[in-house]
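The following blocks contain the structures, represented as structure tokens.
In the two complexes that follow, subunit A is the common piece, with subunit B as its partner first and subunit C second.
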Partner chain A sequence: MEHIIKNGFVYDPLNEVDGEKMDICIKDGKIVDSVSADANVIDATGKIVMPGGVDPHAHVAGAKVNVGRMYRPEDSKKDVEAAATGGRAGSGFSVPSTFMTGQRYAQMGYTTVMEAAMPPLLARHTHEEFHDTPIIDHAAFPLFGNNWFVMEYLKEGDVDGCAAYASWLLKATKGYTIKIVNPGGTEAWAWGGNVHGIHDPSPYFDIEAAEIIKGLAQVNEMLGLPHPIHLHCNDLGHPGNYETTLASFDVPKGIKVNAKTGSRDAVLYATHVQFHSYGGTSWRDVVSEAPTIANYVNKNDHIVMDIGQVTLDETTTMTADGPMEFDLHSLNGLKWANCDVELETGSGVVPFIYAARAPVPALQWAVGMELFLLTEDAKKVCLTTDSPNAGPFTRYPRVISWLMSNRARTDLMEGELHKWAQRKSSIATIDREYSFLEIAQVTRATPAKVLGLSDTKGHLGAGADADVAIYNFNPEIQNPSADYRALEAAFQHASLVLKDGIPVVKEGVVVNPTLRGRTYWVDTMLDETVYNEVVADVEKQFKQFYSVNFANYPVQDSYLPHSTPVKGVIQ
Partner chain B sequence: MITLKPKEQPEVPLEVENVTPDAFAGKTVDEIKALPIWHGNGTVPLSDFFEVEGEAGATAAETQIIIDGDVPQTKRIGSGMTAGEITVKGNVSMYVGVGMKGGKITVEGNAKSWAGQDMSGGELTIMGNTGDYVGSSYRGDWRGMSGGLITVYGDAGNEAAEYMNGGKIVIKGDVSIMPGIHMNNGLLIIEGNVIARTGGEMAGGTIVVKGVIDEFLAGFKYHGVEKDIEVDGETIPGAFYKFTGDYAIKGANGTVYAAVAGNSHIAP
Partner chain C sequence: MELVKNVVCPFCGTLCDDIICKVENDEIVGTINACRIGHSKFVHAEGAMRWKKPQIRDENGELVETTYDDAIEKAAQVLAASKRPLMYGWSCTECEAQAVGVDLAEQTKAIVDNTASVCHGPSVLALQDVGYPICTFGEVKNRADVVVYWGCNPMHAHPRHLSRHVFARGFFRERGRSDRTLIVVDPRESDSSKLADIHLQVGYNQDYELLDAMRAAMMGHEILYDEVAGIPREEIMEAVEALKNAQFGILFFGMGITHSRGKHRNIDTAIMMVQDLNNFAKFTLIPMRGHYNVTGFNQVATWESGYPYCIDFATGIPRYNPGETGANDVLQNKETDAMMVIASDPGAHFPQKSLRRMAEIPVIAIEPHRTPTTELADIILPPAIVGMETDGTAYRMEGVPIRMRKVVDSDLLSDREILQRLLKRVMEIKTASK
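Up next, the complex of A and B:
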């Protein structure tokens, strides 16, 4: 099947196309240079054409997401969609059901989404949910930062052993990257505590966060993984945490990029940095340190970050940062779910209301906006809300409207937003507005590149997957700054979305809800001898410590009907 | 006045969100007969299960509905109503008066669980007994009933006034366990007896128990005996032990009054 998308305003940063009127040709699910005269013509006159959106960090599938769904029936009640609106019926505002998750991403023109935290032991559940999440390509990030094996290998200085273990775990869980959450802290939570800063050793294992981050960053490059270490720093959400954040950013600096797939420049991906950019010593004297963080990112090229923008909604927080969730529950008194995952990690879930009229959420909103607007190069920034932690992914269009419209921000600040936003941050003094090219950069190009998927994702050059989003907004006639509400509406319900060349959304309505996306995972093997030794050792430890048998642990291939391995180092 | 005469009640329950003065107001009898009600996973016209007679008022406030008989398989009568009146001359199923904002509902028989869930105004009167969760929040929500009055002349089940946030509930009979659990505000008066755990994890509001509380919780502080107590602008005659708590919750500020008569076993 051939398509030609004619006359749209194309924004494709990876190919340096900035709003030019040009045609996009599609053949057999791929972007090509030209098509025959028989190609189906799609008229995009007066519309914006972008590659399909890429979300590098969201919580959309797996055990803790499902806990969120199950223990928040009141969240399901307030957002119910009947099948009549296209696709399958579903419910849930902050933690939508699987079908609605895939459909709503597609409606916004997103075609690739990463599940940011997968407890290895619960990988099977995550892949089962992927199977029921339509349309979007996806991958899951297994959690490494509080894993007993990782901590033991690194404590002993056995980086080779750690690398072999990591390659086995990625294969066994069909995982995509090395995710690190509050390194050492979640393990400390199993002992009733937490760690503070990167030099506070975790109990029993007696290893510092800095050693875990550094060791895993080395492992990441030894294995040639497509994505750098994906780091959720220590001390999330604590006033004064920006110093820990800056110290953490420095740890992997100097390690050389060695990605076997893709073309990333970063050795560190720092996630939801908004939650890690606070000054002060308490919630009374807290201030934004976003300018300090943005300044660091401006001056350093080894890092790419996503923001975790607060959207000022009632949402559900969920993270492997177990102790942080307990702190949050102690703060807001709302219901708390907590889980310990044997030798691997833990997690917590707490509802949270980011009320615009309340001081702290207003400041958090401002911190996120400052990070977006003070980081000069959009090649270092990804747009996220750490969905659903700072707000549901369905608010990305609103975040885009804030970024593109100083007026949208001013209207909010002069309206209901608490004055702490202005008083404790510099947001009111910033008048930068993102261009459409920069929006395409932070929602497509940067995430695709840093994920190591930019050969096929995040751009519209020949050879890319034909994932294309067309939006009803005419940049020649309409002004995104003045008409920010129309902008938000256009990005909420795309005019047309193609996934691998197949129409999946037409005028905001899902038309192909049975389509299923690829599951990316990383296949890598550094040294077979070490690998076999390590696996034999792991098997022995399983008998002693795990509640499941070693043979039953790896996810079977049948769980990945659209398995798409990405190669790391193979020797 | 509109009279709904129930035909046979089906085994699969009906959900009648449309049986409200708001939905009936300004409609002809034929239009009312055609109003959709849920039966299983699909809708049927109201007239499939009810004979409809009479005349609706121009507005909800001027519309009175009489359900003339037992409807034990009919849920959500008066759902979200804002004004007017509904009288049921028999028993009802679950969720009568759910999300009610105004007007009056009288059930002359018994009501099953979740009566007056999430109510914010109006009056719900149940002449018989009711099940669990009378005047509760929506499942999972921590923001429950915020206004209005519920009166139960018979007994109620477990977790009456769960997460109550305002308004008043009077239960003239006995209740089972955990009345006023997680209560944050409002007034719950129980004229009969309570089995156990009155006010468990309550953070605010007032519970008055005129009968006997078999077992009381440890998280409450005793403040002595008070006579003819004044709550919510009215005086309740009698002598009561006063407790505050439940201090299992941080910053708790709830009050429980238990009649001195019969409750000496819970006073220190």
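Up next, the complex of A and C:
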């Protein structure tokens, strides 16, 4: 099947196309240079054309996501949807059911989404949910930062052993990257504690966050993984935490990029940095330190970050940062779910109401905006809400409108937003507005590149997957800054979305809800001898300390009907 | 004789995955590691009669053997014609079959409900009220120094639960049982309470009072009575101190507390007690789920619809209102006009009033054995047994997903295949009648 998308304003940063009117040709699910005269013509006159959106960090599938759904019927009830033709019904505002999740991403023109936290022991659950999540390509990030084997190997200085273990775990869980959450802190939480800063050793294992981050960053590059270490720093959400954040950013600096797939420049991916950019010593004297963080990012090239923008909604927080969620529950008194996972990790879930009229959420909103607007190069920034932590992914269009319209921000600040936003941050003094090219950068190009997927994702050059989003907004006659509501509406319901060349959304309505996306995972093997020794050792430990048998642990191939391995180092 | 290792036991929510099956001539003749109830499931020792062919009840009320094609056709006709079908059970089958089931329910605008409705339903309501702080079994084995079983008798209902997680040695509990304080709360003397260091013999239906007193004491208030819920103040204080001083504590709770007076309010309070305890100690909980994959259905239904059980698709969108949309509600209110039962035995466990309605309406049973439910059924579709004759996913009581293995062959269709064929046929009938 051939298509030609004619006359749209194309924004494709990876190919340096900035709003030019040009045709996009598609053949057999791929972007090509030209098509025959028989190609189906799609008229995009007066519309914006972008590559399919790429979300590098969201919580959409797996154990804690499902706890978020199960224990909040009040959230499900708030937002229900009947089935699209041929599709399935669903419910959930902040944590939509799987069918709704895939469909709502597609409606916004997103075609690739990363599940940001997968407890290895529960990996099968994440993959089962992927199976029921339509349209979007996806991958999951297994958690490494509090894993006993990782901590033991690194403590002993055995980076080779740790690398072998990591490659085994990626294979066994069909995972995509090395995810680190509150390194050492979640293990401490298994005893009811936490660690503070990067030099506070974890109980028993006696290893500092700095050592875990550094060791895993080395492992990441030894294995040639497509994505750098994906770090959720220590001290999330604590006033004064920006110092920990800066110190953490410095840890992997100097390590050389060695990605076997893709073309990333960073050795560190820092996630939801908004939650890590606070000054002061308490919630009374808290201030924004976003300018300091943005300044660091401006001066350093080894890092890419996503923001975790607060959207001012009632939502459901969920993270592998177990102690943080208990603190949050103690603070807001809302119901607390938790799941500690043997030898590996933990997690917590707590509802949260980011009321615009409340001081702290207003400041958090401002911190996120400052990070977006003070980081000069959009090549270092990804747009996220750490969905659903700072707000649900369905609010991305609103975040886009805030970024492109100083008027939108001012209207909010002059309106119901609590004055802390202006008083404790510099947001009111910033008038920068993102261009469409920069929006395409932070929602497509940057995430695709830093994920190591930019051969096929995040751009519209020949060879890319034919994932294309067309939006009903005419940059020649409409002004996004003035007409920010129309902008938000256009990005909420795309005019047309193609996934691998197949129409999945037309005029905002899902038309192909039975389509299923690829599951990316990383296949890597550094040294077979070390690998075999390590696996034998892991098997021995399993017998004693795990509650499942070694043979029943790896995710069977049958769970990945659209398995798409991505290569790291293979020797 | 062949030994098949790492087999997962399809009986209780402990979901032991270390079973070795002895197989001879494609038949399981023995097991290693299984407890007696797991063993008897594997070797079909329960004496239950197994359906070898689908059955349809004739006009004289006699069951007549038939083909899958015929039985599925008749079942599909029943479901397509029903105005308010009920699809109930699901707890002894695997997740893919459950997923097809939720789809079938949605397409037929049915009510879909699982056995949680009559066992840990109150726990679900409670976790929706106040939260759900849990951990996986390995955490208990490796860390727990205080273990509480409340309202359950694992030695009988989950025979290997204690040996695998409490008696076993763990990383930080090298001596196993002797490194742990075991507390059992149960009105009865049981084989489990005999093993306990502290047995709180709570009065019948007085769990709430006891929990409340314990929480008050934890928060530093004095217990004003000499005795609460039949237990002397000193004993309560001793237990409270043990809980507060835990390094890692775990509360396992069962039907004895979910179904005593107060129901989900008991669990509300129990969960809040665990949350309170986290201000002193590390403390978590795990509900003692009975059927091996009751948890799996709650997971599947939740990710597909947003709700764990009692889901009503009548209006084309999922609705959830336990008390109105539960299996017993729609049976007793005579709302439902056709019922499909799968992987459970309401015939043996539902109240009389519900059974009376079941006797009035067409009942389809997807069930391997002759049971009280099949006595009421008009159409019986026997499946291959998951975990022995076919594979699939199950979720352990605390949510760890494990792949059930196929050990021997069977001529019978799996639950999944039966449901897929039913779904296909129902859709055809519905499209044709449009």
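Here is the rule we use: the second predicted complex is superposed on the first by the 567 of 571 C-alpha atoms of A that agree within 3 Å, B and C clash if a C-alpha of one lies under 4 Å from a C-alpha of the other, contacts with A are read in each partner's own complex, and residues count from 1 in each chain.
Operating definition for what follows: a residue touches a chain if its C-beta (ideal position, glycine included) is under 8 Å from a C-beta of that chain, and two chains touch if they have at least 3 such contacts.
All values derive from a computational prediction rather than experimental measurement.
By the document's definition of touching, of the two partners only subunit C reaches A:Phe326; subunit B does not. Touch criterion met: A:Cys339 reaches subunit C, while subunit B stays clear of it. In the superposed pair of complexes, A:Ala551 makes contact with subunit C only, with no contact to subunit B.
With both complexes superposed, C is the one of subunit B and subunit C in contact with more subunit A residues.
Judged by the touch definition given at the top, the superposed model places A:Gly415 against neither subunit B nor subunit C. In the superposition on chain A, contact is made by A:Ser91 with subunit C only, not with subunit B.
On subunit A, the surface patch touched by subunit B in one complex and by subunit C in the other comprises residues 71-73, 77, 335. Across the complex, subunit B meets subunit A through its residues 137-142, 249-250. Partner subunit C is touched in their complex by these residues of subunit A: 61, 63, 65-67, 69-73, 76-77, 80-83, 88-92, 96-99, 121-122, 124-125, 128-129, 132, 189-192, 204, 326, 329, 335-343, 346, 349, 544-549, 551-552, 556. Residues of subunit C that touch subunit A in their complex: 5-6, 8, 17-18, 95, 99, 103, 106, 124, 127-139, 141-143, 164-165, 169-172, 247-248, 275, 278, 281-282, 284, 298-300, 302-308, 313, 316-318, 320, 393, 395, 398-403. If you check the complex, the residues on subunit A that touch subunit B are 71-75, 77, 330, 333-335.
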